[in-house]
């Protein structure tokens, strides 16, 4: 299985632990990730806020480069990238004016967008292409006794997600169960973490982060499993500020790929677990 | 065009108020028609279907000695009959008439006046060319079998059956469930009068059972319908009940004696909130008052290894017959009333409301059973924890007015919820809040009922609830179900902690509505409701003559409306029967004997076996009484020796020529 | 007690504004709103908004451009799409928020003192110049421009990032950043008339 | 015919029970569609004689649209299956004649699918517009006049085109 890999800016920056753990885990499962040559920022939400056509052009450049370099789908691990690239695809499929404008812009770089490569999230690849059974077979150190709250974030399932429920997705639940962990019933699975508002409007943004941490704590979770660099950053980085405002809710947040790596018996240092602010001690102790 | 010099056509174009004339230049159309061959009179008029409009035609026929008439107005499916009558009133054969549809097919679908007018002119040209070839025809009259089939034994079916039976007609009432009564039997009280549902329904159910003119077949389904108006042959599948309902007296001794000492299977009548045994009576007021055995649960029927204590208990009444087999019965009826009802929206389709996840989130129908004195708790409202509720919320429009699920308004949920809100308030004193988008209380006495709810202290919050969760953000929310909703009138978002959330689930078409539609040759709307012939003028008729619809199978409605419609459907059936016969469109096919080569290719094509072969003359023969006028044989005759009245080849060719007339 | 007029007159409306927003991508169904408030109820940030999302829709539809562009709602929208998937009329509410943001950005009509649009502007600038975002640099620049005190008060965050070796100070960039900039300039021109 | 003002001319044959009713519903629902299609009502699509289609094309139609009930839904049980068979035959015939197959289109449209009538008609008009005029009468005008000349010898009686009486035109 070979995919074009679109890591996105976060996986090269604050979320590099996601990139570090995703690569060996995928390798172990026989998934080849070929990084798209000279990829650029997906545009995220900020770009959509300024210029619709430009935002589509940004996404289209990445897809066009991937398409020109061979067949295969694109894997985008960051929820924001996943959404932005899918939004681009939907826009270009349904809106001929934007498509024409974007093609014209791509021509500047001698690129053409065809829309043949689908944009997919690692979660979908893991559950539907690799399969739960294969994941299960690779588990050598089950995450026994760990109670984990699966947190999907908002931009994976909404509004375009085709592989899971928009309100109650279960792909990650299934993986966690396969890893031997106990999945906490977590109704805030897809509630927004606050996104960039934690920095720009902390009062509002941090409250959202706090609600998620608090609910996970109330439900007795040891860990929160995430699949998005921004979610992980928000849930991991503001414990002191949150404690000052609303009281402590100290639950570590780790990437699903880090959990898989631990369960697969990959060396801890390869998985970027040391990059957490709040160390996932229970995880390290359990395995 | 005809060579017949004596063709004298009258042409009339209708403005239909402004409906047509706003888009089509009617005067130009009339002027154009006046230039066409054979046209003696060409008029435009505001309302051709009105009495003066029809009178115009009649007068002109007499005055101008017209022998053909063409009217350009609405769809022939709507007013062809009207104008044929007008033509007949002028003393002309009604089939020397042709109608042009310039409303539905032109004025209502185009905006460009010039293009619409040109199209109207071409269509008019086609009709004027065609009508010249029309021949005088005689409608045939088919007899009507006086018996009526009513499908569905809910309140609509019951009412229709009783109305017909009281008029002296024989009625077959077929119901799929083991008892008649439908959804209404599950209700505690009915709005807006709050009278007890059982008290008003049970007498009608017993009347059905005892009526000498009604044959009641419960636990039965319509399997097949053949024939046509006045003459339907219906096959009914009577499922094996394993109890002879004529011998069973409803004493329940068999149920007591069943080897299952305690009931352990979910009882569908109480929506699984109580249990039943493999042998059961659906509910206390069931009609017929006879037991039924579930073959999937009865040990004897599943394995053949049971002590058969039920048979023992029944003793010499001998009502239990474990060898009973499914039966297929064939009946003859002249008309059919379809009253197959609705199904409730599955609240699990909206996961944000937590139905199926939180035990104290329930649907209106479940609450209805819980507050009913014959329900699983004897009418006592308790949370799953056993405590009485102190704060109850109703969420309206669950699966209604929502493009993600069902886009229609289910029409009854506002009133239904207010009724339950009043009952809950009365019984428990709990704080009750109704979350609504718009309160729809348009029936007689309904607005007063809304007012009464307000007077009784029911709170109303205008806003569509976004989510129900058990995530507590403050101590007062702990252990409660929290609703998140914008109070759109106050203009802010609220979190409302409740201990019972009731979802007012909407109505949707029965799961097998499409199958039923095929069996009865009806149409469905895009949503899946059975389609009436005309939404205003023929609300209980269908496109299939002799098949009528009543109640919620046509669209959501409350009890009064269902009963009114059932009465109307019964009256339509009665009118049909008492007319003694029905005029049939004389669009039958016929063989031009001299031209038939006797190749027999038409014979196998006829779905009605109307064509036979005269071995002596070596020619095909069409029986006009059996021909339904589809014209399939006409199109396939290699020697062109089959003609079809009203749709002759030449008439169609003229029409093709005409529609290609571009002015 | 100070009295302020709440009444709105015809002069407060900008004719054609609602239509222009409805013409933008994803906003086509704006007109079918029934003001049920499901969007506001679903929105995790509505508790901080001065106008609820439902009210914003009403303002846009009523051509109240000034009020629609000056509320904090459109900027507090974190694009989580909870409203969009819950809307019973399938209105692309998030896309409408984007359309309003684009409009407010191009006319600089956002509320004074609101720092969120500034981040968006800096983000765009960095993408145009480098093709990629270097988060730490973006955040530092943002704090310096908006609230340098906040930059200082989040020293602990910075220290933590250094401790976990995530404080990347080196600017990320793509090889073809000039080509990308040319591409974006081209697409921008093509988008003329998109913003009302 | 192939001038700038050329507009596609399409003749439609709709069965009375499904597609004609659907076209009525499209009207009642006020769906707007292109005015290039003229509908002829037949009781069943099974009544459509291949000659009707050929006659329409020969008389100047650029395309023909056939509408019937969905398979299994025919008011006359199976007329639409016969239509389908005949349609395949017509397509083969047209291919032999060098007429593009998509000039004749068969669609199943049930009585409730008013919106589908709009979509199909608009699609059909666009398709025919892209194909350009068929103009059989124009193309064969020369042949026709030749035939007419030779027919002059046997001089068939012509239809009477003029009026004996001046019709009365009244506006109500």
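Observations
Here the chain labels run A, B, C and D in written order, and each chain numbers its own residues starting at 1.
Quick note on the criterion: contacts are C-beta pairs under 8 Å (C-beta built on N, C-alpha and C of every residue); 3 or more make two chains touch, one makes a residue touch a chain.
A quick note: this is a predicted structure, and the numbers were derived from the prediction, not measured.
Counting C-beta pairs in contact, the pair that comes out ahead of the other among B-D and A-B is B-D. Between the CA-based centres of chain C and chain D the separation comes to 53 Å, rounded to the whole angstrom. Between the CA-based centres of chain B and chain D the separation comes to 34 Å, rounded to the whole angstrom. Rounded to a whole number, the gap between the C-alpha centres of chain A and chain D is 56 angstrom.
Chain A and chain B have centres, each the mean of its CA atoms, that are 50 Å apart.
With touch defined as above, residues shared between interfaces to two or more other chains in chain A number as follows: 167, 211. The set of chain C residues that touch two or more partner chains comprises 82. The complete set of chain-chain contacts reads A-B, A-C, B-C, B-D. Residues 34-43, 46-47, 52, 54-55, 82, 86, 88-90 of chain C are the ones that touch chain B when the two sit in their complex. Within the complex formed with chain A, the chain B residues making contact are 351-352, 469-473.
Contacts from chain B toward chain C in the complex involve residues 352, 397, 401-404, 437-438, 462-467, 484-488, 491-493. Those residues of chain D that touch chain B in the complex are listed here as 9, 11, 16-18, 20-21, 23-24, 26-28, 30-33, 35, 38-44, 46-52, 55-56, 59-61, 72-73, 75-79, 82, 86, 110-113, 115, 118, 157, 159-161, 163-165, 167-172.
Put simply, chain A touches chain C in their complex at residues 9-10, 12-14, 16, 38-41, 43-54, 56-58, 61, 91, 95, 98, 100-102, 104-106, 108-109, 154-155, 158-159, 166-167, 190-192, 194-197, 199-201, 203-205, 208, 211, 237-238, 240, 274-277.
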